[in-house]
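Structure provided below as structure tokens; questions to follow.
Chain nomenclature is as follows: A, B, C and D, assigned in order of appearance, with residue numbering initiated at 1 for each chain independently.
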């Protein structure tokens, strides 16, 4: 039983006020899934969360808060795989350093850990004009 | 004062179960608008409605309910204009015939009237492999 | 579609427990109304208090039910319309066709 | 950010009247907490009952407030966490850091 193909491509200004839009699109996609055995409301929260974390990182760490830049997000569902891609125009970073949980008393540094926790595969790799964080979840 | 550029591109299977996803994305976009003097919740309903009507038409009248076909929707906001485009792979139709309100006792034929009522400009034109319904609203 | 049907004596209540009444689920509402008509139940109240969004297909299903009920000397009345749903009836002039009540009890009392 | 601040005597209540506490608005919560600390108000209750979604920045702002309150011999306690918000505290082990209460009254009684 293969999943229907759904593809959503979003471009928004490099501003945190758009996190809510991106997160909600993630929620709506979870709720529209045709074949999903698990808890759809949990998946909705998780996609909202992962997209919010990844896009916030692109905005603050890669595009350095420059509000005239653009963030590009791709969400695709096909063959029981959900893939989220968040493109940035930064210098990249060593994602391997942030996979472990932070000490609870740290103020920062939980985003990548959360993404790893929710998704099945997380890859950060260079593109022609920056980097992409590619996050896959098996449905 | 120009609007930030937002672009959302969605492809879903030719099935009415995805109307809800498309409609909700329209709502979320209205709520995320930066500069909008009017009632955002009314705009949210209206975008939900117009997208639902246009996509339902593409699914039922153009792609003739074939669930393996795809519906393509583009939403862009730039320069205080919001443009919705719904692409279909059908034979086209004479949209001019459906701009007037139906008699209240008719069961069908209110979709295009509603779209005209909500949007400022509505154009239906051929593309390479079908047609596009292009609906513009000044923000 | 989540539709709760209850015989209230003077009329049958159809409580549409959906956030949306649209081209995806309005066919089911129509089919359920036809079933009630076939059972001789021609007085219906459709309660829309859970419905936040209705499109032209949803309105069409209600018009269909209205015409069927009328042709069988019954009637279909509405209750619990949210503000934005009500606007849809005004835009399409259907507020002049349907009897619309604040809640189910008011609708029931009118039969 | 819609944040209602009320002095309840034993503690100051910060009621976060937002659906989301995220990288967009958590900086403001942090700034408001700092303002209270500067006024010598070191006992805070942050009520999250309206908050349906929190991200790592939102958690970070709360940790920041917690540390500041503690260093001034006060404390920051939480109330009204929705189920999915609570899961975020568990995932990040912050449920062992914060005192978490069902509602504001319970939190208040603990000071």
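Methods note: contacts are C-beta pairs under 8 Å (C-beta built on N, C-alpha and C of every residue); 3 or more make two chains touch, one makes a residue touch a chain.
All values derive from a computational prediction rather than experimental measurement.
Any chain bridging chain A and chain D, meaning touching each of them, is missing here; the list is empty.
One inter-chain figure worth recording: chain A and chain C are separated by 42 Å, centre to centre, where each centre is the mean of the chain's CA atoms.
A separation of 26 Å divides the Cα centre of chain B from that of chain C. One inter-chain figure worth recording: chain C and chain D are separated by 45 Å, centre to centre, where each centre is the mean of the chain's CA atoms.
Contact with two or more other chains is made by no residue of chain D. In chain B, the residues that touch at least two other chains are 17, 20. If you check each pair of chains against the touch rule, the ones that pass are A-B, A-D, B-C. On the side of chain B, the complex with chain A involves touching residues 4-13, 15, 17-18, 20-21, 24-25, 28-29, 31-32, 34, 70.
The residues of chain B lying in touch with chain C in their complex are 16-17, 19-20, 23, 41-42, 45, 48-49, 52-53, 56, 59-60, 101-102, 104-108, 110-111, 113-114, 117.
Across the complex, chain C meets chain B through its residues 20, 22-24, 53, 55-57, 59-60, 63-64, 67, 84, 87-88, 91-94, 96-97.
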